[in-house]
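Each remark here refers to the structure printed beneath this line.
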Amino acid sequence: MTPAGLRALLDEVRDGRLDPADAHGQLLAALRAQPLEDLGFAKVDHHRPLRQGFPEVVLGLGKTPEQIAAIAQQIIARGHPLLVTRADEAAWSAVRARAADALYHPVARAITVPRDVPPGHGTIVLVSAGTSDVPVAEEAAVTAELMGNRVERVYDVGVAGIHRVLRERTRLESARVIIVVAGMEGALPSVVAGMVSVPVVAVPTSVGYGASFGGIAALLGMLNSCANGVSVVNIDNGYGAGCVASMINHL
Amino acid sequence: MTPAGLRALLDEVRDGRLDPADAHGQLLAALRAQPLEDLGFAKVDHHRPLRQGFPEVVLGLGKTPEQIAAIAQQIIARGHPLLVTRADEAAWSAVRARAADALYHPVARAITVPRDVPPGHGTIVLVSAGTSDVPVAEEAAVTAELMGNRVERVYDVGVAGIHRVLRERTRLESARVIIVVAGMEGALPSVVAGMVSVPVVAVPTSVGYGASFGGIAALLGMLNSCANGVSVVNIDNGYGAGCVASMINHL
Amino acid sequence: MTPAGLRALLDEVRDGRLDPADAHGQLLAALRAQPLEDLGFAKVDHHRPLRQGFPEVVLGLGKTPEQIAAIAQQIIARGHPLLVTRADEAAWSAVRARAADALYHPVARAITVPRDVPPGHGTIVLVSAGTSDVPVAEEAAVTAELMGNRVERVYDVGVAGIHRVLRERTRLESARVIIVVAGMEGALPSVVAGMVSVPVVAVPTSVGYGASFGGIAALLGMLNSCANGVSVVNIDNGYGAGCVASMINHL
Amino acid sequence: MTPAGLRALLDEVRDGRLDPADAHGQLLAALRAQPLEDLGFAKVDHHRPLRQGFPEVVLGLGKTPEQIAAIAQQIIARGHPLLVTRADEAAWSAVRARAADALYHPVARAITVPRDVPPGHGTIVLVSAGTSDVPVAEEAAVTAELMGNRVERVYDVGVAGIHRVLRERTRLESARVIIVVAGMEGALPSVVAGMVSVPVVAVPTSVGYGASFGGIAALLGMLNSCANGVSVVNIDNGYGAGCVASMINHL
Amino acid sequence: MTPAGLRALLDEVRDGRLDPADAHGQLLAALRAQPLEDLGFAKVDHHRPLRQGFPEVVLGLGKTPEQIAAIAQQIIARGHPLLVTRADEAAWSAVRARAADALYHPVARAITVPRDVPPGHGTIVLVSAGTSDVPVAEEAAVTAELMGNRVERVYDVGVAGIHRVLRERTRLESARVIIVVAGMEGALPSVVAGMVSVPVVAVPTSVGYGASFGGIAALLGMLNSCANGVSVVNIDNGYGAGCVASMINHL
Amino acid sequence: MTPAGLRALLDEVRDGRLDPADAHGQLLAALRAQPLEDLGFAKVDHHRPLRQGFPEVVLGLGKTPEQIAAIAQQIIARGHPLLVTRADEAAWSAVRARAADALYHPVARAITVPRDVPPGHGTIVLVSAGTSDVPVAEEAAVTAELMGNRVERVYDVGVAGIHRVLRERTRLESARVIIVVAGMEGALPSVVAGMVSVPVVAVPTSVGYGASFGGIAALLGMLNSCANGVSVVNIDNGYGAGCVASMINHL
Amino acid sequence: MTPAGLRALLDEVRDGRLDPADAHGQLLAALRAQPLEDLGFAKVDHHRPLRQGFPEVVLGLGKTPEQIAAIAQQIIARGHPLLVTRADEAAWSAVRARAADALYHPVARAITVPRDVPPGHGTIVLVSAGTSDVPVAEEAAVTAELMGNRVERVYDVGVAGIHRVLRERTRLESARVIIVVAGMEGALPSVVAGMVSVPVVAVPTSVGYGASFGGIAALLGMLNSCANGVSVVNIDNGYGAGCVASMINHL
Amino acid sequence: MTPAGLRALLDEVRDGRLDPADAHGQLLAALRAQPLEDLGFAKVDHHRPLRQGFPEVVLGLGKTPEQIAAIAQQIIARGHPLLVTRADEAAWSAVRARAADALYHPVARAITVPRDVPPGHGTIVLVSAGTSDVPVAEEAAVTAELMGNRVERVYDVGVAGIHRVLRERTRLESARVIIVVAGMEGALPSVVAGMVSVPVVAVPTSVGYGASFGGIAALLGMLNSCANGVSVVNIDNGYGAGCVASMINHL
């Protein structure tokens, strides 16, 4: 109920066209209006597209295929695009039983049902350091593309052969926002951010062994970046990076 | 040397107007051109405004007042705005001896010399959780303002009294990008990001005691945020957040 | 032997009704009385209902089905209610072979045999942040219900959609004690505790990935809560939270 | 504005006794009513006594004496009791300049101005392990007493001489809730909780050296307590424990 | 070669009975004498019984059954007792093919071939906190018994029911040295050490979940013990504790 | 009250020589007998010499000189030897005002008042790795000597020059128990324990910088020692090591 | 294009033998020349032999057999030697389908295709502490041998039997560079480095349990080595150590 | 006594020129010869120049000026060069009282007395990332220069402006070994190592704040370097890096 709607209601009460008891009920109901669909184990938040610009996304981790499919159905039924992350093929089967056009992205481990969404203004350039970082990068790519962004991939340009990333200067400079995905020492975002004047969203990956500690080394490297414009999301959180980049690209 | 300049040079060689040896020397010199001013202990990077949209910023931590002043002088001499972070009053005195219009921001512990810079497109809303987080928030504010942004402060709206931040919904929705500064459990960015559709740059602070571990608790809380659109900078890194937000606001 | 019993015994000795040697023996025996039943690998503590208000609870983790069943049998034989946590279906089978009315709670991974116990005074409201936190929440629910409490579940109200928990204010205010279960950044207890005046028992879960570090992020978030009235139990320790809440609800 | 008040207003509008425009203004104002007093650097939350049963408490850490005194004055002016924790004598001087009856508790490092508050129902027994834990224990005691509780102190009963705590069984059993403060290995809460049937709020302290890691050893010991009924607050957080215990004691 | 042997050799050289070149060779050979049997992947150290009072013990972890059996054979061939820790039944089969009297201890996961060794002087009392700690305790027991010690087991006497360990005071006081095995908060060694005047060897176990962090909580608890006479071995290192206790018991 | 005393009391009751009410009182009093002297902030435990073989030792850390002196006086008044660790000269002055023969050991930062105690059976050899480890080693030495042990010091024999410790083989072999104090990588206990057949008590020190993390590197090195017979005490805990070694040497 | 080549090109332009437009194209092409072969998921860096003295090495971890084989083929096709680390037999099968002479080293888990490379100047002595460290040591050996070095293995000489490594003094002194591989407490590099005057490359392994924390204890021990000449590579990084040692041996 | 000397002695015995008893004494004395000078608190190791190629170096940390001067005097008296690290001006004064030509390097915090030593074969290039890393870099430089190496400094070339280090390619390629000093994210060694074919010794510094955790971020970054040829020394250990590099440069 908007302020204007509130005024209209009060006018109706004054003019006798609306009974105060009814107005009372309408006012209380408006305050209590339920934008949540309750599945028992989950409440699907259908107001999110209004509030956040994109419908609720389903984290597949720790949910059964049936739970995923049930939530997915609620989202699709409203005509919203669907994104399920950290999903295996079993979850895809369950979703496809309810949405025949559901796609599976095996490298990104994501399920999508694309729908029309407002396009982003520029290009998101997606940089990754090594071959093993590709699954996380692809999760970011699938996320950003589903959200209406043009994504350009620049893969396998880690800092140990610094000429590889330097050769991509033109593409980097063409970006409106850059996502950099790297494991091990996580140095690539610092190098990239020093070459451009747009924001860099850094994603540490759990790629590595020994003292990489499941991505802590890369995470700390990125948080301590000496370059300007770097901010960081959780380890392996390709989805989060895609989401931040998409928001920036839609400004 | 641009591609066009290169062609012109080659034409001159062909026409006999330029000796190949001279051309050789000019080409090598161009490749080796020095945009760095070497002070012995530091190399001031005067190309940064071109490359990154803002001149080099001086981290005062671990530098003597004299070192700070020497670097500052090089920056000011080129007509660039000056920002020194983590600086005390002694550093300010040394800088003022060379730039009479240098300002000191005691809460933010920053020195600035403002110059005309391109303005940002929207407003950066700067949210902080508690009174003790204000110095870090102010570092972000001084940074963003010097870089040409309009900054609106919303302070002391921590999650323990959730109505405080809820009352600010209108102001939050007016932002083009939001910075959220919080210590202790670092929960505020999740709440704010859930209310808006613009990117949130989260800054953990070292405010707290015991198991806050100098900001680790807040940092982890923010990295694990269940809300979309949150990315994180280093603990107490108000400057970094201001810089990321300014880049986004200038897109 | 109570102080009154001791006095009675001494009176009997004085009156010649009891031989000092017998009294000596009775006194020593009382001091040495064995309230522990020794199964070789475990000592079942049958005095615990007197001392702690509820019989010994069996942690299934790291015990064989046979060990669990043997301990369970000792507890049931005394007419005590049974609770086995972290138990799988194999353990349930072993227990059912000795107690046909044993129930299995698959989500909570718990085995119970309910018995009459004193009821708690009010309601325990059990709040959880996300779908993946439900198993830990259910362990708390099963525990609290077996101990005689009325439990009201409020699930999937994480802080990223703050309106979800705000809509539950009435239910939260009706509680005598609240349990809040959350993983990832663990921010929900701070928000809930700021809305009520009753104690909040916070349970971090290991839900999350990357820098959640198996629940450390949530644990630290809860320990550093800026809200009053929050205390914390171990990661994933639904049982412990149910137990603390039940004790409070029985005061 | 209560539901009843809302109905009355609507009735007035219907009866023509209240102009719709005025009603509109009243409704909007009620929704925007400001229970927060803004001091620039802090927003004093005067609704907290209603919401949480006790007025806002001031954490002195990281605030100047002047900031503390300004906030204190706002609280006292409403007739609320005052508690400032982590405060030194300089802060006390600043507060006393505005409230002559302010007390300083040097061991607890707290400032108080007592006011009449509802009394708790039973006794809070406050147990501490060693002499060095006393400052944290006293912070808990001062907090609980100011909030209207009877507190009984049982100090220096660490587990290395287990008979010391065993001798206090009667006093422990007389408690409605127990606070246990311990550093080093933090074992005392487990022993105490095994002896009683009431909740135990455990406070780890930073007392110790070497591998105590500023209280981490004690914190982990308490979180992993094998006894029922133990919940934990932050390291050195005597205030938090006093607050939780008071809430339980007022149920 | 002893000093006397050296002198005899030199006398032979002087008397012309031994050629200097031969003497030279003998002296160099003596210095290079090889008490190690080289299996390619391992050097069996047959001097250890002389140097350390017990032959080399085989850590099964990370060795193949064949490697274990080959090393075992070398040890048995010299008439030494055999102990293989962290061994499974496959390793036992491989050892039994070479030593028919090899025993397997499934709870302790150890293989032994007992031989006559000097007996210890007193009794080692072996205390464990919970049922899940028994495998580590049994590794200590098997070790100590094979090394010639009398071992008395006191199991399942954790601190949550403090009367359990108090009832064992007599047995504890009868010990020459005590091993205490505990997981979770690791508080039992402090309680036991406070009751006796003999050394306590504490063994943290990885039993627990959540913030036990695989035994870190128990380890820190034991290192920070406020009781005298406690020293600590590695997490789950039952063998190490049995070995230290045996050395003490043989003094 | 011994079992024999209990029987005598009961005989007196039977014979009418003792009134049951008096007997009742005596029995209750005996159970409640107070071996603790209460100073308000501390309870001095005068039964400890009987229970643990040595009177209570005072940890100076975090106590005022006055508190230390008050506790010291209670201990000296009973004719017990005094040991205060982590004490500065101010504490010594306060103690000397009450005990003129109190000694101060500046390197060990300890105060002692020696008294006759039972001598240990053999020699404690005390080995330290570097010059900076000497203060911790001296705390161990002062402790062990006050407890009646002969202590032989072998200092500055770190593993970087392995011949230094090898040259001490004879002295090491003469020990009944060995204390090894080392910082940095903490490798010395492994080398020493491999050379002897007696227990080695290892003390990590906080000596080092960078990744020594205040002694964690040395602590972990010692806990993971591949040599037999090593057990470990807390970082910098010279007192604890002296105490364990003395207990072993008195067996 | 070398400086000399650049001069030659300019001379041709001057002499009219080369058209400026062609020269322009040649210059731009040279600057853009692509030494990277793009397989989509990976860019093979064929300039590395020139830049780093050895072709790109393939980390098998996290790559499919097909991906490994495709990269391997590119490397072999240029006549470069091949090294794949962390590879299983499935990867070997895939590689062998393209290079029949590919070898598999099961202990080192490496695939190699040897080619002629410049030999190192001296011997690399490779020392390992225990049998379980051999796989990491063998990875270092295979790496160093493929790179043209003579490698001498000295295995199972851990510090618990210090005579084992002392007996190898002659071999250690014959080395040009030494690799020391050790788990658990990681003390061996300190001992070895103290015996020689050549650099020691230390490799911590994840061998151990409990507080070895997957190699952290060994890593910290080596970083804190009190001996000169020790530098450290990542946990279990045999390849890295072999590579560093080979570089030193080729100087 | 060398093998040749041993043979000569035996020949003398055979020829009757040396009495066997004298030879006996000479042999025993040689075996017992004392290359250590014992100062009570330290043993100066005068054999180290023979064994390690450079005399003992004094770590000033935790030693008094008097202790430093006493050790220094022993070293200088033998004509050895002196290096004291982590020394302040007070230590320099104490050393100068005994060696008038002692130099103080305030940035490196080192005291030196240079003496003729064998020169290294090539140049050590010393690279540092930022101005705040210079003290650690200078410690490495002073160390390497004193040990006879030519050192070339390349300072302030951090990766945020990647062109800075790229411009130094020629100098980097001229090195025989490179030391890279960096704090914050520690990415510079990866970039440098990817540009050259010589070993890179990486030194993490404690420069940074927040999640740099006193150099842990840089340390982990360097250990996880994806470039070949990188090995790492302790945080802030400039001396260690200088020492390793000098050893390599003297091969």
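Letters are used for the chains, namely A, B, C, D, E, F, G and H, taken in the order the chains are written, and counting of residues starts over at 1 for each.
In this text, contacts are C-beta pairs under 8 Å (C-beta built on N, C-alpha and C of every residue); 3 or more make two chains touch, one makes a residue touch a chain.
The structure presented is a predicted model; accordingly, all values stated were derived computationally and were not measured.
Participant: Spelling it out: a chain qualifies if it touches subunit A and also touches subunit G; which chains qualify?
Facilitator: A chain counts here if it touches both subunit A and subunit G, which gives B, H.
Participant: Identify the chains adjacent to both subunit G and subunit H in the sense defined at the top.
Facilitator: Both-contact set = A, B, E, F.
Participant: Between subunit E and subunit D, is it the same set of residue numbers doing the touching on each side, over half shared, or a different set?
Facilitator: Comparing the two copies, subunit D and subunit E contact each other through largely the same residue numbers, since over half are shared.
Participant: Approximately how many whole Å separate the CA-defined centres of subunit A and subunit D?
Facilitator: For subunit A versus subunit D, the centre distance works out to 40 Å.
Participant: On subunit C, where are the residues touching two or more other chains?
Facilitator: 51, 161, 194-195, 210-212, 216, 219, 223-224, 228, 234-235, in rising order.
Participant: Please give all chain pairs that are in touch with each other.
Facilitator: A-B, A-C, A-D, A-G, A-H, B-C, B-D, B-G, B-H, C-D, C-E, C-F, D-E, D-F, E-F, E-G, E-H, F-G, F-H, G-H
Participant: Could you please specify the touching residues of subunit G with respect to subunit E in the complex?
Facilitator: Where subunit G meets subunit E, its residues are 131-132, 134, 155-157, 161, 163-164, 167, 207, 209-212.
Participant: Considering only the defined contacts, which subunit C positions touch subunit B in the complex?
Facilitator: Counting only subunit C, the residues touching subunit B are 129-130, 158-162, 166, 184-187, 190-191, 193-195, 208, 210-213, 216-218, 220-228.
Participant: Which residues of subunit G touch subunit B in their complex?
Facilitator: 3, 6-7, 10-11, 13-14, 16, 19-20, 23-24, 27-28
Participant: So in the complex, the part of subunit E that touches subunit G is made up of which residues?
Facilitator: For this pair, the touching residues of subunit E are 32, 34-36, 40-43, 45, 47-48, 51, 59, 61-63, 67, 86, 204, 206, 214-216, 219, 234-237.
Participant: Please output the residues of subunit C touching subunit D within their complex, sorted ascending.
Facilitator: Result: residues 51-54, 57, 121-122, 176-177, 194-199, 201, 219, 223-224, 228-235, 240-241, 243-244, 247-248, 251 of subunit C touch subunit D.
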